[in-house]
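To keep things simple, chains are lettered A, B, C, D, E and F as they appear, and every chain counts its residues starting from 1.
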Amino acid sequence: MFYHIKELQYESKPSKPDPVYAKKLQEILGGQFGEISVAMQYLFQGFNSRADAKYRDLLLDVGTEELAHIEMLATLIARLLDNAPVKQQEAAYKSNPALAAVMGGMNPQHAIVSGLGAQAADSVGYPWTSRYIISSGNLLADFRANLNAESQGRLQAVRLYEISDDPGVKDTLSFLIARDTAHQNQWIAAIAELEAREKDIVVPTTFPRELQKQAVAYDLYNLSRGEESSQGRWAKGPSMDGRANFRYVSNPVPYGPKPFLVPAPVYIHNTMPPMFK
Amino acid sequence: MFYHIKELQYESKPSKPDPVYAKKLQEILGGQFGEISVAMQYLFQGFNSRADAKYRDLLLDVGTEELAHIEMLATLIARLLDNAPVKQQEAAYKSNPALAAVMGGMNPQHAIVSGLGAQAADSVGYPWTSRYIISSGNLLADFRANLNAESQGRLQAVRLYEISDDPGVKDTLSFLIARDTAHQNQWIAAIAELEAREKDIVVPTTFPRELQKQAVAYDLYNLSRGEESSQGRWAKGPSMDGRANFRYVSNPVPYGPKPFLVPAPVYIHNTMPPMFK
Amino acid sequence: MFYHIKELQYESKPSKPDPVYAKKLQEILGGQFGEISVAMQYLFQGFNSRADAKYRDLLLDVGTEELAHIEMLATLIARLLDNAPVKQQEAAYKSNPALAAVMGGMNPQHAIVSGLGAQAADSVGYPWTSRYIISSGNLLADFRANLNAESQGRLQAVRLYEISDDPGVKDTLSFLIARDTAHQNQWIAAIAELEAREKDIVVPTTFPRELQKQAVAYDLYNLSRGEESSQGRWAKGPSMDGRANFRYVSNPVPYGPKPFLVPAPVYIHNTMPPMFK
Amino acid sequence: MFYHIKELQYESKPSKPDPVYAKKLQEILGGQFGEISVAMQYLFQGFNSRADAKYRDLLLDVGTEELAHIEMLATLIARLLDNAPVKQQEAAYKSNPALAAVMGGMNPQHAIVSGLGAQAADSVGYPWTSRYIISSGNLLADFRANLNAESQGRLQAVRLYEISDDPGVKDTLSFLIARDTAHQNQWIAAIAELEAREKDIVVPTTFPRELQKQAVAYDLYNLSRGEESSQGRWAKGPSMDGRANFRYVSNPVPYGPKPFLVPAPVYIHNTMPPMFK
Amino acid sequence: MFYHIKELQYESKPSKPDPVYAKKLQEILGGQFGEISVAMQYLFQGFNSRADAKYRDLLLDVGTEELAHIEMLATLIARLLDNAPVKQQEAAYKSNPALAAVMGGMNPQHAIVSGLGAQAADSVGYPWTSRYIISSGNLLADFRANLNAESQGRLQAVRLYEISDDPGVKDTLSFLIARDTAHQNQWIAAIAELEAREKDIVVPTTFPRELQKQAVAYDLYNLSRGEESSQGRWAKGPSMDGRANFRYVSNPVPYGPKPFLVPAPVYIHNTMPPMFK
Amino acid sequence: MFYHIKELQYESKPSKPDPVYAKKLQEILGGQFGEISVAMQYLFQGFNSRADAKYRDLLLDVGTEELAHIEMLATLIARLLDNAPVKQQEAAYKSNPALAAVMGGMNPQHAIVSGLGAQAADSVGYPWTSRYIISSGNLLADFRANLNAESQGRLQAVRLYEISDDPGVKDTLSFLIARDTAHQNQWIAAIAELEAREKDIVVPTTFPRELQKQAVAYDLYNLSRGEESSQGRWAKGPSMDGRANFRYVSNPVPYGPKPFLVPAPVYIHNTMPPMFK
């Protein structure tokens, strides 16, 4: 169960309106790696957790914080939309081309649909979808998903920081970027702890290795001509799980035969090969 | 540019048809972490790569292999659909309830739409979408995405292996599971190499740390009541990036004020607060 | 069965082309509350109707009118796209920045994909999806959906009216806005009639009230700190259905315990808590 | 900013597992009118609110409660998935057709993807999308959206209650159904208060009526042959907004001419009419 | 503008209810090539048409007919849903496995969401989306799209006919299949007429051939090892447009060089190659 | 199984960067008829093929070539994104409106999400979805789908060629346009060959004609008032399949009765007609 307080986790106030930047900022609110994604991802992982209480608690702690970040960014976007020049008439295009560029560059739904409010969508207006999130029940897998989400998310926030010159926006982003730093560190720590506990790094660690084709479990197949890829840690020396050596296969060949599919029954009305006609 | 040979990378032949299992197998072909996702993800990362040739080559090597996995799974699914009892009439429901269960459990599109062929969709029939893939241009971020994809993918393949009792299906899956082992090892190796080269683990490593709010960059906020989350590596001791110590904040409070949004212009026709009426 | 006549229900002719406005106008053609949504929503409600003939007839009357509105807006958009400056070359960006703003602000698919024709998509190019529409079989519920659709739709049409200065566009919109007025009135009338007939206002009215937890059926929980929400009609006095009094709960507490989920079977390969290892 | 406590708002414990019902229950968690929809809809309306503090507070109160409902349903679904017979082998289809029916009827992603956890998707596995939610900035419009959501949502919960015979499930649903009763009452109260304050019922009330085509603002066009629709409150007597009388038009005719579109420029490569060749 | 009459274009009455078949029948109502797709596709092509009046009229004639097919199928599906055993309790699974199979095999939304009514979705519950339709403004291109739609649609209707044993359903389908025959013939006729008029078959016919790379305009590249593909009309002899001869290239090689992308600016925070560090 | 070589099939190098054009070019990479669509469509048709080897080989030849086109366009887009003015500050809007227009007109995800790389999305940023592709198992149907795809695709490429003035871009497009010419010719040849072999043109040709309603199989119903549509080859003379004559029906009437749906069971909580209350 949740409680809300009216205060923002951190101030979210631009120095001046900027509807084109508001459109861009939607990316880290409602995009693939935006705050809605991480909030929902961590909360569902927590709600579904069948493992130790401390992992569940960690997931709910961080998921609950991300709800506050949704609130911060929604507020920031609404304020960036103040004074959007949506009512400027076409005449403006000629007399004030800079204004025209703003009018053409903002998201039209910010005016027509959401009435100068934030949307649960990304920077091209694509709505947030739950296919972004993952909650598999295997925490080592899921913490890697979380680390990825925080890495992509911080990268996007940094890019948005770099292209802004508004001190208020930059201040809010510097807070979110710092929190992403904390979260990357936390998921890395949680991953390290789980890998140590499970004594393996290949997810899922509980599947008996002898049930997989061991002979191909450490090969790198050179399927794009040119052997530059042989020059990395991944192509030689002991494998990262310490169970074998990497093997670079310069001229990979197929292990299987050509496939042949039998014709479908007549009532499916597929094209039949001549001998069946 | 690509070339194709007719042979499969590995044999994909079930011992007998099973259209209900065919539906489930679609998950690792056209699902969020299926073979289409990894093929397209690695190829786009490779095509877009502005970094060292060896990374580009690695991405194109592995992405090209994943194309072969799409082919293997499509073949396996088509064969599992042979003899699907789609033409059984309603009378069958009463005389043969086991058959009826198969008829109800298979994906109807496998008969009506794809004519007993595989689809680029997941196990509930949801079509593959490119919002699954990520190619950010930052390889440390993207290799973490790749490690996540291979972890979730191997987990799903293992679950499918466990619920099958068809030796042919299990043989094909044991190959794919082994390749996922190889790829997890490879991305872990590539991540380690990049982290060493960039001398940091927080993506992006190139953003000056002093531009973020340092004071909150290592905090864990206890926002879900109960302090179980304090009992992990992520809550105490030196941070994983070695730059500070984790700090556990038992009673987190907001740093910001209550937000207030100014009313929208009249022509937006939002609800106005009373004093503006 | 349907018949079509070539005349438009109302003239749809802009005074001059304006491809940027054409992009915006897509919102009320193919957006969440656009004409496609209401046409399909009313027609499916009508086709599926198992209630009185007069409701079915009303739904088919209004749904059929909305088909005419699709036609009107498609025509208006096609005409706004005349003379779109899509062939202007890059040189134009420097010599004529106002023109450049138009080129950047229009929907590129209007030129590349639909050949200066309207699309069944919204103002950010997101395609119309049938998940927008609702047809539940419960007409009181569905008429509320219809009232909502006409309210959001008229709001958006009004915003588009306000930001246009083209007399032809405004004339067409003034017709559509008037029709939305008619339809809001109609759905409000139909709701009132059904509420009177069903002698209740809580949908579905046919579910025995004693089967729900009566004790919590009129509470407002103050879950966002601060009691401003106690100052409304919804927080005190008799409930709107006349069966009880609203109750404002200043300090809501949980009724349930902490949840605990048992571990999954081993073959699911979830993370197991330590005691199960 | 948000806080979480571990206790559930209300107990969510089925009497026994039932993976087929778990699939169905997803509808009111992640469907169009599920708990994710109402939580996100009310929170975004609240975050974006530029109107009176009491409306903002109401929205945040109720939105925060809906977060607790997401948690309750996720927990209930996870428990219904315990002991799902996903590992049963094909032999089971013949010896135990009832079991086979369960295996075919459950959502395969509940086993393969989410590891016996709930998903942010509906009962056919379609992922939640933010296009479900509306936050327009006009509260009268939005409260109608909210009333619709609670009406559809309670209807679906009631249907799920009716088709269950599990006392635990029915107990949880009886709580949620009661809360939907409270919320329908609240939104009806809020709508009544706003309509009184704005002295009109046609959204948006702030658009000058004389700018719309008054002549058609109260007509019902008989576009589906047969005049059953004339027998309702919507077809005669004073309009609900009290400004005119409803008018039933038995033989509606077009007001506009046949449209004609000029040919596109040659470089668009549309089909040209013969005279232009 | 449209008019509706209550009569169906053709009777749509199953001999008995069958909710599992109702789920399958959704494919040709709301699937990629269902009736909604063709109705919307032809109507948008007609509304957008800038060519001869006879094409516009043809499109509106056929599009208007498809609206009647939507109505027929919605009616048929609603009737197939009568007596759906959704209220059967879990006990039924054991005592009546055939019934259980029906309960597991039907679309749960048909009961919970649409109240035994049809949906605008396909046989796996995926909602109809306007990305299915095409209206390019080039009628030769679009008539090919129409022919494809009628071909796929008739194929699916035939498959549904084959797997039904209900005389009423088969009667309705035999009507729709016949209309698809008519429409395939019509689009083939219209294509032939346009190809004759435009004196070419390569769309768009109006693009000067000399602006394309003529040298590669008739080649077939043997990129999948094995030369079976050389044995078709497409690989030898005069090309279908009569302007050249097909050429089969047994060993295709690249015409272009290896690509190299320059590094991104530092503020994008991509991975940089070593020499730029 | 696939192999990759680093060389491009054809050079893809713009003369200068142009991020607005890069956005537009996404249409033929990741749009409905872009290179991803045709690559996946042909490969899945090939993988699923149960017909003659030569068709399978043809499909895999052409599908493999389309993978090379994905690579070419991704490279071209990445190069067009060089020097995108994303870091220009707001001040630039006033001092340099032409630059502002570029900033507003480019796809923000090209900077924030993909780091100046191509995306698997279309020109409005909508992600590629596998619902674009069709693989039915009936090759005559599918080759018509392929011909449509190549027709729409070439049309879009031509439009993009026309609106560019960059010699490098035009050179690459002239190659792709020529390949579309080859592919249109090939699919037309394959269709002709199959129609000759199957001795019919109505898909599926294998369904017994006497099972459809022959009486309506050649009618054109004049459902849009005005008889312009009678003036085409489709309305008179022998049908294209040579089995009957086209028939133009000036005043089409319904063949079916008015539908009536019986009320739903009480526990569905639909609105019931009065006599059932």
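Convention: a contact is a pair of C-beta atoms (placed from the backbone, for glycine too) under 8 Å apart; a residue touches a chain by one contact, two chains touch by 3 or more.
Just so we're on the same page, UniProt names per chain: A, B, C, D, E, F = Manganese catalase family protein.
Treat the numbers as computed from the prediction; the structure is a model and nothing was measured.
Colleague: Could you tell me which chains make contact with subunit C and subunit D both?
Modeller: Chains touching both subunit C and subunit D: A, B, E, F.
Colleague: Where in B-C, E-F or D-F does the C-D interface recur, with over half of the contact pairs identical by residue number?
Modeller: Interface equivalent to C-D: E-F.
Colleague: Select the chain at the greatest separation from subunit F, using centres from the mean of Cα atoms.
Modeller: D
Colleague: So, comparing C-alpha centroids, which chain is the farthest one from subunit C?
Modeller: B
Colleague: Can you check whether subunit A and subunit F touch via the same residue numbers (shared by over half) or via different ones?
Modeller: different
Colleague: Provide the C-alpha centroid distance between subunit A and subunit D, rounded to the nearest whole angstrom.
Modeller: 27
Colleague: What is the distance, in whole Å, between the centres of subunit A and subunit B, each centre taken as the mean of its C-alpha atoms?
Modeller: Centre separation, subunit A to subunit B: 10 Å.
Colleague: Return the residues of subunit E touching two or more other chains; collapse runs of consecutive numbers into ranges.
Modeller: In subunit E, 1-9, 32, 48, 50, 55, 60-61, 63-64, 75, 78, 87, 97-98, 100-101, 104-105, 111, 113, 115-116, 124-127, 129, 131, 136-138, 140, 155, 158-159, 162-163, 204, 207, 223-224, 226, 254, 261-262, 264, 267-270 touch at least two other chains.
Colleague: Building nodes from the protein chains and edges from chain pairs that touch, which of line, ring, star, complete or other describes the result?
Modeller: Basically all the chains touch each other, so complete.
Colleague: In the complex, go through subunit E and note every residue touching subunit F.
Modeller: Listed in rising order, the residues are 5-12, 32-33, 46, 53-58, 60-65, 72, 75, 78-79, 82, 87, 111, 115-116, 126, 129, 131-132, 134, 136, 138, 140-141, 144-145, 147-148, 151-152, 154-155, 158, 161, 174-175, 177-179, 181-182, 184-190, 192-193, 201-204, 207, 209, 211-224, 226-229, 231-234, 239-241, 246, 254-259, 261-262, 264-265, 267-270.
Colleague: Once bound in the complex, which stretches of subunit C touch subunit F?
Modeller: Contact set of subunit C toward subunit F: 1-6, 48-52, 55, 86-87, 89-91, 93-94, 97-98, 100-101, 103-105, 107-109, 111-113, 115, 121, 124-127, 136-140, 194, 204, 206-207.
Colleague: Flag every residue of subunit D that touches subunit A in the complex, lowest number first.
Modeller: Those in contact with subunit A are residues 1-9, 30, 36, 40, 43-44, 47-48, 50, 60-61, 63-64, 67-68, 70-71, 74-75, 78, 113-121, 127-131, 133, 135-138.
Colleague: Which stretch or stretches of subunit D touch subunit E in the complex?
Modeller: 18, 20-21, 23-24, 27, 31-32, 97-98, 100-102, 104-106, 122-126, 156, 159-160, 162-166, 223-226, 254, 261-264, 266, 268-274
Colleague: Across the complex, what residues on subunit A touch subunit E?
Modeller: It is residues 155, 158-159, 162-163, 267-269 of subunit A that touch subunit E.
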